[in-house]
Amino acid sequence: MSTLTTHKQDVSMVARNLNIYYGDFQAVKDVNLEIKKNKITAIIGPSGCGKSTVLRSFNRMNELVPTARTEGEIIFEGIDIYAPEIDAVEVRSRIGMVFQKPNPFPKSIYENVAWGAKINGFKGDMNELVENSLRRAALWDEVKDKLDQSGLSLSGGQQQRLCIARAIAVKPDLILMDEPASALDPVATLKIEDLMRELSKNYTIIIVTHNMQQAGRASDYTAFFNMNPDRAGYLVEYDETAKLFTNPKEKLTEEYITGRFG
Amino acid sequence: MTETSDQIQITKKDMRRKPRIAETIIQTFLFACGALSILITFGIVYELGKEALLFFTLTQWEQPNKETQTDVLRTDDRILISTSGTEILPETVIRIEDEQMLVTAVQGASLSVIRGYNETIPADHPEGKELMTARKVSIVEFFTKTEWNPQIGKFGIWALVNATLMTSVIAMLVALPIGLSIAIYLSEYASDKLRDTLKPTLEILAGVPTVVYGYFALTFMTPLLRSIFGQDVIQIYNTASAGIVIGILIIPLVSSMSEDALHAVPLALREAAYGLGATKLETAFQVVLPAAISGIAAAFIVAISRAFGETMIVAIAAGAGPKFTFNPFESAETMTGHIVRISGGDLSYNSIDYNSLFAIGLLLFVMTLGLNIFSQMIVRRFREVYE
Amino acid sequence: MSTSKSSKQNPRLKARHRTGSVWQTIFMISTLVGIVALLALLYNIGDSAFGYVVVEYQVLPESLERDGVALEDQTVDQLLLTFQENVSKGLYRRFEAEGAFENPTEVDLENLIVEWVLEARVVEGWGFWESLRNRAEIQAQAAKEFPNGQLEMRSWLNPNFLVSRQSETAMKAGVRTAILGSLWTIFIAITFAFPIGVGAAIYLEEYATDTFINRIIQTNINNLAGVPSIIYGMLGLAIFVRALEKITSGAAFGVLEDPTTANGRTVLSAGLTLGLLVLPLIIINSQEAIRAVPQSLRQASYGLGATKWQTVWYHVLPNAISGVLTGTILSISRAIGETAPLVVVGASTFIREDPSGPFSKFTTLPIQIYQWTARPQDVFRNIAAAAILVLLILLLSLNATAIFLRNRYARRL
Amino acid sequence: MTREYMDNLLNQLKDDVLILESMVREAVLNGVKALMTGDKKLSKQVIRGDQEINDKRFQIENECLITIATQQPMAGDLRTLASVLEIITELERIGDYAKGIAKITKLTRNQEILPPLENLVPMAEISVDMLQKSVKAFVDGDVEAARVIPDRDDQVDDYFNKIYKGLVKYMVEDPDKIKLANHLQWAAHNIERMADRVTNICERTLFIQTGSIYQIEDFKDLDLDDDEVEIHDIN
Amino acid sequence: MSTLTTHKQDVSMVARNLNIYYGDFQAVKDVNLEIKKNKITAIIGPSGCGKSTVLRSFNRMNELVPTARTEGEIIFEGIDIYAPEIDAVEVRSRIGMVFQKPNPFPKSIYENVAWGAKINGFKGDMNELVENSLRRAALWDEVKDKLDQSGLSLSGGQQQRLCIARAIAVKPDLILMDEPASALDPVATLKIEDLMRELSKNYTIIIVTHNMQQAGRASDYTAFFNMNPDRAGYLVEYDETAKLFTNPKEKLTEEYITGRFG
Amino acid sequence: MTREYMDNLLNQLKDDVLILESMVREAVLNGVKALMTGDKKLSKQVIRGDQEINDKRFQIENECLITIATQQPMAGDLRTLASVLEIITELERIGDYAKGIAKITKLTRNQEILPPLENLVPMAEISVDMLQKSVKAFVDGDVEAARVIPDRDDQVDDYFNKIYKGLVKYMVEDPDKIKLANHLQWAAHNIERMADRVTNICERTLFIQTGSIYQIEDFKDLDLDDDEVEIHDIN
């Protein structure tokens, strides 16, 4: 496979010349990005600059929008996930996703975690898998006595951790998170951020956030997107978070992070 | 300080409560509007209940034998009936015009009576007057017998209920699977554009007056069934045809309500499932459907209730004349069909026919009310999940 | 995916996709069934409303030419003469006494001629579809079996049908009385139910606190909406026709219109019964429209120091009105199609007189359809189909209005 | 262009830094003047004034911390605030030098000061000028100025050497003057240190604007084989 | 009048022994607070601690919740607004409110601003009032050419400023804001904060916010609420923002603002 | 208890401060040793090593800024970070003192050092001990320790006075030794300054824990009427 040759060891995913359209409207333009393995990468930028769009193109969730069209390559672990022979369902079981609002299934906590693994043909010890996933999501202690209660009975922050546990249970390599804490209060938010740090030992994480402070706190790398006057989003700067927040290369980035934008 | 306190005085005066009479009047009027609904329900229960009670408690007058009408011969305390074969026994109360009499003895075609029974005034009864006998319909009889024929004093509700259940079950067999499938297709598979076209199109079906469906059942469905199963097998009026067409009538109700329930399942849940690597069907069956199950259940129950209450289709297509049968290809009369047929004729108030209708109506009301309350309970639970 | 991972590839994936397609097909077929049912309904009605018929005349229309003018083209005076010449004196005098010739229209006279002179009779009919397909065969068959008959392509739905009154003869029967009856009852129903319904909705949504009585009211209304319509008919029968007979018959106002049937089976009773029937629907629809007005708007209004009624009047109602109207129109279309309760309330089976006010006897379109459908003769099915078309057109235009309203006033809130 | 309030805060801080600088500058000049003229009162005033300088410094530091705590400064803003923290430390230290010089006035106990100290006045004037310019460069974000100001340190060093050598000469010639000369030598030392501090301030200005710390002076230490260690290098 | 004697010049509103209940549940317990005139006071605290409840009790908006019951005194400009002779409708026209989600009326921009003044019997030059209010809300320049367009046609941030303009037009003395920027993106948020600073020259402002950083940036005083195990909210600490964020008196406050809470 | 990552960062920073402190400590002891033994190589090593200290300091400073920029520290956290910034400045300066002492080794040019300098070793040891303890107090947040450590400054001052007086005596007695004695006096001065820096570090510890700046030493300056200005006060 020719794509394999360009695959670097510490890189999990590469976007090459990524262009995304909704119908005639170009939402994302010429994005090139290398996501580092076992690191947390944050995507920030003003509203509507295409952060979510880019993120959702990373596991072909965009395809659920009928008008969406993706051009360019997204190479995950050396393979172009948009290649015709690749199955989107399969891609999504490799690249998990956590959403803005906690969205547990209206099933029991146990089933919430087990379901994804079950449909993906998991054959092992399900109890163990559920426990492990919940432990990793730092939720086990809080729910171990009520696994048969509805996932909806948990608090917002717990629900979000349940969603993370659910994503982990499918054993993805990469987890995409679209503003995973924006519906939570500050305390729950910090808990999720702590959890992300913990998870990044084993997973690559990409997180979209509106909250600059959160990007600063919780990420190793930050990508700053902006949009042209024609509303097409593009990548302005991509760097280590520490660098980008103390000494960005681009004036636009500096304006944005110091709050002197627009 | 003085300056400030002046200012504050003014403020305080401004913030003082002012009377708002118009607001009060409006509010009272609006409350009256709302309270009217209670009056309506009360009216329904009262009227149905009152007449039904009359049906069960009041003396009903029936003509035991039509022929007696013409052949009454009056002597002082004897009444001669030319044809026998009546059910009149001693102790029976009979009535001729407004006079009631207590039968003391029966001798062939002549009855001995005590006249002016129950303080009615003895009067002259020329020949050819109608003779009626008194009886009460017991609740037990009402609920246990299977023959309904007021003419001959048979009041077994099962003849009617059975027909209602038959048409309803047939309707459900048609409407529930098809309706639910349509709902799933529209909500999970169809594009937004297709959904926005198909859903209203199907809802047109729901908006077509039921009398039209009755027409459809009689002139299309019945001939169709007869051409399939044979003219001999299927009567012109039959419950199958009516049931199927009720089913068609109800499809949009089921599909529309179920689709609403499916549609109300947040997109986020579907995304969660897809994000875990689920296929469309797995998402639809294992995530969306269970999440919407109470809404769908409510839709089903409302559909059943609707089938119970459906009138015109059965009135037109199911046949006239109560019959206790389990053969869907025979004619039978449902509760609603009976009500509408009887009341459509020249109905005299205070007759046993009139009263019996209200007994049927009350039963129908209670049945549908129960179903509606049940479905509302389900819906209420369903609302709480996502709020 | 990648070589190292392809072993992990889910072997069941293909099977999963296959199951998916099977079910999708099932869902699609079901949807098609629904659509087909609708089409069959329309086909069936259309098929009966048009098609070849063989008409037999006592007197052939051609023989009634006057001054070389065909019957259809004659003026009122000519028609009057034609009629007078062809019927017995007694009959003519009877009609004269009834006032049939004071300002008669061409249609009236034509109808009289058709009924009493031509005495046209439909002896055989074919469906529209068949008529188109087997034209030649039908012509042959008609010529053979009905040598006296005339084969014509008939549209049962025609202008005469709309403006004619009820008749014992299918050829001459029309829906004029029924349409007027429908309009009258609906008008009364809406006049009664709309203000009360919207008022109740406002009360429940804006004023009612969570007290016992309000909960009862709410539950009640929800239940009323699910009560079978025939029950409303019985309620109407018991209350409006019987208990309030004095009022609904007009006796209390001294305007008893038809002493022969001096009872409560009037337009007014029917209208009020339909009003009761649609009241819960209007309330629920209006409640939904009012509830759809975001709470934030109310808060904004209160926050600016508005009173409750100011809030309702300036913000809630303007934003809910399109929903309220849409709901009301949909309720009207429900009421227009209602048959059973009106049968129970006592619609007249056969009247020729237009309703002249709330105390007239009445019939309505669906009642008319029901009666025609219930007749044993096949020709009445044809005029029933025509009447159904009239009813459907009426309903469709109402629904179109509702959709138009919904789109026109739909606001981004 | 938002964050007016934040900009106001930053400007306020810069103004405060300017005020602190002017306080320090005056203290230095007065300290030197008191020493040269043996003006005990002035010296006392300078010593007392140091407390004000310290207070001002802590006030600014406090405001910096508040700004950091409440305004989430990033990038340039944050570097500015961090630099203010550094610069006020330097200024406060310079204030201490002025106090030190003032104290020498006491130590000299009415002795006539020695002639080499004549050089102290121009030395102090140059240093003070450098200080003022460096703080101005900081406030204006003037990278060019910040780059060149430290060059004048050489002049200050020259004066120091002159004074030092002159004083040593006095010591050698007249052992009675040893104590006095020794004390006076501290005064020169303090001014010399002050000029070094100016270098640090300039470094900060460069840091804010460029994002990296330049150590303007340090290349000197690298040519260690050149044994020419100068007295002003040993702190 | 006894209440007058305790009224201080620099104090706009005083809450004394404020207890608020929803039915049997006590949501807020024994709150005592002095709101300084022409300052911005922020209320922060974990989710559900009663911030909104307290805020809404300040202009009797709580009364719109049927089960809500308020005990204690709220003294605004020397008057107990819960005194029986005081009209809630009048109170609300003196104490304006801006809500979490921008909620302009679906009317024209002009009418949005004018309506409140109109129903409150404003008799002066309406055009002038509208212009002034919009100017104060820093919106005039952006909308002056399209006053007859719908308020809903504006962007989120503009809508929120329109809501502020609308509140100002009624000429309140105090403006309550319940998370006024939580629905906005960071850029629009900073604009609103700038605007609040500007407004505080003429108005007293109380703002509830989930966002600690926002409280820091935008307020002069901060009140930190917490809740007991029985979920009744109470005031933990109330101080100048600068003090509270650098050197809080209470350990709980320190834990909360440094993110080590719960 | 959340914010593990933040706690890790703070601990990392504290560890770095400890490392910097140990580097500085070693530099001071080595500098003194080189001076006392005339060990040129060691002195060179100390001078070279100063660059590492500077680098370490800038690394820590940078990490502090990154932490401030990315972690929104408040209250205690923020005071800690601000204090780290201050403390590393102090440590870096102490490193400079060590370098200065090492440079004196060069200036003495193989001359035998003078006996009063014997006191330099214990003086340095006490100071170094104070330094170590103060940094430890900072890392541990030990308020009590931070309060008492500065008291030992008096001992350091005593040593300084001894050395100073001894050296002056040598100067007076032997004008040839003036230059040498003068140079050696700087070494003592540097150690004395170092002890003062320790006081600053302790002030920071108190600041972190209590939220207010205590100026431990400054009350001394207030009794100005007491004319006993000591040489170590003049910087």
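Every chain is named by a letter (A, B, C, D, E and F) in the order it is written, and numbering of its residues begins at 1.
We take it that a contact is a pair of C-beta atoms (placed from the backbone, for glycine too) under 8 Å apart; a residue touches a chain by one contact, two chains touch by 3 or more.
All of these numbers come straight from a predicted model, not from anything done at the bench.
Common neighbours of subunit C and subunit E under the contact definition above: A, B. Interface note: subunit A and subunit E, two copies of one sequence, contact each other through mostly matching residue numbers (shared numbers exceed half of all numbers used).
If you average the CA atoms of subunit A and of subunit D, the two centres end up 52 Å from each other.
Remark: subunit B and subunit E have CA centroids separated by 55 Å (rounded to whole angstrom).
Centroid to centroid, with C-alpha atoms defining each point, subunit A and subunit E lie 36 Å apart. Each of residues 90-91, 94, 187, 190, 212-213, 216, 245-246, 259, 261-262 in subunit E touches at least two other chains. Contacts with at least two other chains are made by residues 279, 282 of subunit B.
Each of the following residues of subunit F touches two or more other chains: 2-3, 6, 65, 69, 72-75, 78-79. Two chains count as a pair here when they touch; such pairs are A-B, A-C, A-D, A-E, A-F, B-C, B-E, C-E, D-E, D-F, E-F. Against subunit F, in their complex, subunit A makes its touches with residues 187, 190-191, 193-194, 197-198, 213, 216-218, 241-242, 245-246. Across the interface of their complex, subunit F is touched by residues 212-213, 216, 245-248, 253-254, 257-262 of subunit E. Across the complex, subunit B meets subunit E through its residues 4-5, 7-8, 11-12, 14-18.
Listing the residues of subunit A that touch subunit E in their complex gives 46-47, 156, 185-188, 190, 210-213, 256, 259, 261-262.
Residues 191-192, 266, 268-279, 282, 286-287, 290-291, 385 of subunit B touch subunit A in their complex.
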